[in-house]
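There are two complexes below, and they share subunit A, which is joined by subunit B in the first and by subunit C in the second.
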Partner chain A sequence: MKRITAWMLLCILPLSGCSAESPLPVSAAALSRTAEGYAMTAELIRQDSLDGDAAPVYLTAEGESLSALFEDADRKLGGHFYFSHAETVLIDLTLAQDGITELAAYLAARTDARLTLRLVVARGAPAEALLQLDALGESIPGVALYELLQGLARRGDLPDLPLYKVHNALQQEERLLLPCLYQTEDGHAAAEGFAVFEQGKLAGFLSQEE
Partner chain B sequence: MDKHIFSRWQISLCALFVLADGLFLPLDSASWLSLLCGTAAAAMLLPPLLRLPRPLLNAACTLLALILILHSIRRLFLFWQYEGTPAALATALLLLTAWLLSWRGADCLFMWSLPVMTAAGALLLLSAAVTVPDWSLRYLVLPSPAPFLRDSARAALGFLSVLLPAHLAGNAKAPAKGLLLGGGLLALLSLRALLLLGGASYAYPMYAAASLAAVGDLLKRCEIVFAAVLALCECTRIAVCFSFLRSRTAFKAAPAKVP
Partner chain C sequence: MSIEFTNSLDQNIAVLQAQFAGDNTFVTRETRSPAGLRCAVFFFDGMVNALAINQSIIRPLMGAAYAKLSADALAQSVIEINDSRVEPDSERMFASFLYGDTVILTEGDSRPVVVNTKGFSTRSTSEPEGEKVLRGPREGFTELFMSNLSMLRRRLNDPRLKFTFSRLGTRTNTVVCLCYLDGVADQALVQTVQNRLARLNPDSVLDSNYIAERIRDNRRSPFPTLGATERPDVAAARLLEGRVALVVDGSPVVLTAPCILQECFQSNDDYYISVEQAGLSRLLRYAAFLLTLTVPALYLACVLHHQELLPTRLLLALSAAQRGTPLPPVSEIFLLLIVFELLKEAGTRTPGVIGQTMSIVGGLVLGQAAVQARFISAPAVIIVAVAGVTGLALPKLQSATTVLRFALAAAAAALGLYGMVFGLSLILLHLCALDSCQTPYLLNLLPRVRTHNEDSYLRAPWFRMRRNRFLARKEDP
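Our next item is the complex of A and B:
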């Protein structure tokens, strides 16, 4: 029986899907609506430098639907679009105005998307531009963004709204406040105020004090 | 059955048998309560069912074993397909493991289930406990009577499949306790999923809720451990079915006694 138990554990281990191969994991993505459908800029982390430093690279993808968009990104990386490390998704105003219910449901249904990833609305600049701004604390802007949002949520400056709470609020057609991101005068990204969503669509903005 | 099967072994095997449903439970606002009521109803119905005439009970359990094997294969295959694992290979490995488990006989399976149930129960409880700070009590609502009664009856009917290990053990009291233990754990997992995910729809809500179990920034994405534990329970369920079918085949193949 001990041998069978060991055999069982050996069988279960490969089913975890973990492997040493994780080329270019995605740390963050910016999504927008276009005339043709959707566009995405994904931040991937390159870890092949000789001095051991990680560096961001950016991939753009397009698609008529969200599934076509992710399929396009996957095709451009030869089937290695590794989304399970993504922790932040920036939503462009074009997409926020069109509605984010479909996006939240799509991400929640993807097995490789974390239910704890954070959605944030880009204000005053395109989402893909905000994603690529220099970060203060980290060499990878997307990672720095997540740490900024996580830190503000822990301090109580932002509502703690990971994807699963957003998805639930949108399905129940509740009013939703998502944090906004803007570009500071010195060229960094900072969080300030909230985007108000009603029936899944952008209904306006609130300042931090309101 | 040659060897004595202790009550705690029977409780463990029946609890593992019931927990096999854990990965595939649907989620609504009252499913945890339906599971609790269904468990209690099934535990009350189990002793009279075990007193049915022997040939009828054997025929019913043989049919049940065949149905449960096919049902388990189907749902595991679909889950692994969804999860992106090579589904055919994973299902074949699981069937082979279940067959190896059943090969040593039912008494060994009962004995083996005690440490496995202890480990599985501890991991499931831990997985639920680490998510407690994120539970939101506003999702708790009173159920509507008609759907609640329908779901409870359906759950009770499903839990009555524990008739199979109970018949294998030749006893009803300890299997009923195992059913209550397994059903109680399932209700807890369902309640956890409700308090975390609310009314949002997911393909596998229990699995989705388990993915939120994390210990700080160090240990995240614990759903793999959760799924592995419940796949182990499914493997045990198939092994019980194989074991029962093997015992029936051996019984039929045994030469008639010379008077």
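Our next item is the complex of A and C:
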């Protein structure tokens, strides 16, 4: 019995996390459609300051399919594309027009994607450009975007549509309203109006009043 | 030790002196009365009450008006001490003699007279350091056997309180007393403990733990299956509940059986302060038990295996704290847990104020310096401090929580939350399998083994506490 216990302990010892990897968490991502397939700009949080100041870094990836896109990102980070903390995905107009049903289904199926993830449509500027805009009161733009959307949803200014609700609506081919993001004159990102999706594809825009 | 005495006093003196040759505390005092009565008084210096010997033994012997007296006549008519007897059994005579009694031999009688003259110095009664109360009795057991029994007798003025003596230890010949309330304690329980004591054959018993480790159930379990207390009020309360107590000569710690897990969460204070305060304290102790076991394991599981469970900002804070430190989280936690145990050990072993100061200095200065030097991350210090401090709230479970904290942390480090839950399940299974003197260890804590007791997770107010004898026989009036 003692030998068996000793062997079991020896076997589980390599699992004990002694190597202590600390992956760079993804806070937000911008996805667009290209001629070759998909492109993604992911915002990662680098915590390399001894004073505790975090800084954003951006990673771009491409792929013929969504899975190839995420595999490319994973490859570029040596297998540590850590999507579990991503809270916002910006959808470029190119992708919105092409349809987001596949994207929502893919994200909902990923084990490392939060079901509370918020999807938002970039309007008037490429999604990756909006993602990298300076944020007010927050050093990480992706985190600032999520807090902005969360705050507006809490106030009732935006419909509360986390990923699972979007996925359900798209599966049932319901009409869907996603918030739009645009660049203000002073160079920050702001939410205004809605993108209307019919059958999973962008059908038009509505203003806040409409 | 056995000696054959003869009718010759000179021969008997020579035999005893030969037996104790080399022992300078052995004293022989020969007396001869004016009437011609020859006697010899033997005792050990420092073990006896000298005043009693001088006034109640030597003086009457010197003034005896007879030339010859039998041992019976000496014990009945001359010796002026209440507890004196003729003891023909030399083994019993030696047991008493070595324990501070005085032996008197007279010319013409081979039987010694044993007189109770015990008078060795002992520590005065004080409040036990490990079982202090804010309110309530402050008396604690001492190393003096009879004094400990008297403390119990004073609290339980019941003729059914029984004290059954036995001796253990071939070299120490230590007196052990089994105490119980006849008719309240289950006779099967009394018999079980008596049988276990009868089976023992140790060469020495210097403390009650010498016996405890031998007679307790599930000896390899880190959980205590035999109760221990230094407070007579606690021992008396346990006797009233139908338990038995073992008082061991020379030990201020009284053992009680059976011991159930619920006892470990009870404090003496619970019964002396308001019911609300007692309830809150007891709930905090249950929380402390869970926290001290699971906090390091939960931290390691989340940091190493389940980072997605952490809020982003918390993850970033942990990541910032971890940045620049040389050790991975698992090494940090284990290192700090060991350092905490070392500090605790050093603080316990160091006398008085120095010990407390050292613990504070060790905890604060070492922790602060290690974090500032980026040797250890601050969250790891906080986690170990929380686990350590909450563990101190449960002194009766210290050994169990210390061992299991390490085991759970190792399981969580290896397998994440799955390992932790697996470890907790094993602990629960182990607790379910434990018993103490045929009493389920989880009595009153699990629904299937709950009895009519108003003192389980919380205690009921005294006016609703009809009977607290959950272990007592049902037919007890």
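Definition applied: the second predicted complex is superposed on the first by the 188 of 210 C-alpha atoms of A that agree within 3 Å, B and C clash if a C-alpha of one lies under 4 Å from a C-alpha of the other, contacts with A are read in each partner's own complex, and residues count from 1 in each chain.
Simple rule for what comes next: a contact is a pair of C-beta atoms (placed from the backbone, for glycine too) under 8 Å apart; a residue touches a chain by one contact, two chains touch by 3 or more.
Quick caveat, the model's predicted, so the values are computed rather than measured.
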Touching partner for A:112 - first (subunit B), second (subunit C), both, neither: both
First, second, both or neither for A:45, with subunit B first and subunit C second: second
Which superposed partner A:35 touches (first subunit B, second subunit C, both, neither): neither
Which of subunit B and subunit C A:25 touches, first, second, both or neither: second
Touching partner for A:85 - first (subunit B), second (subunit C), both, neither: second
Overlap of subunit C and subunit B interfaces on subunit A (superposed complexes): 12, 15-18, 84, 112, 114
Interfacial residue positions of subunit A with respect to subunit B in the complex: 1, 4-5, 7-8, 11-12, 15-18, 84, 108-109, 111-112, 114-116, 164, 167-168, 171-172
Contact set on subunit B toward subunit A in their complex: 80, 82-85, 90, 93-94, 97, 100-101, 104, 108, 111-112, 116, 196-203, 208, 211-212, 214, 220-221, 224, 227-228, 231-232, 235
Touching residues (chain side subunit A, partner subunit C) in the complex: 12-13, 15-20, 22-23, 25, 27, 45, 47-54, 82, 84-85, 87, 112, 114, 143
Subunit A partner contacts - residues on subunit C that touch it in the complex: 300, 304-305, 307-308, 312, 315-317, 319-324, 327-331, 374, 410, 413-415, 419
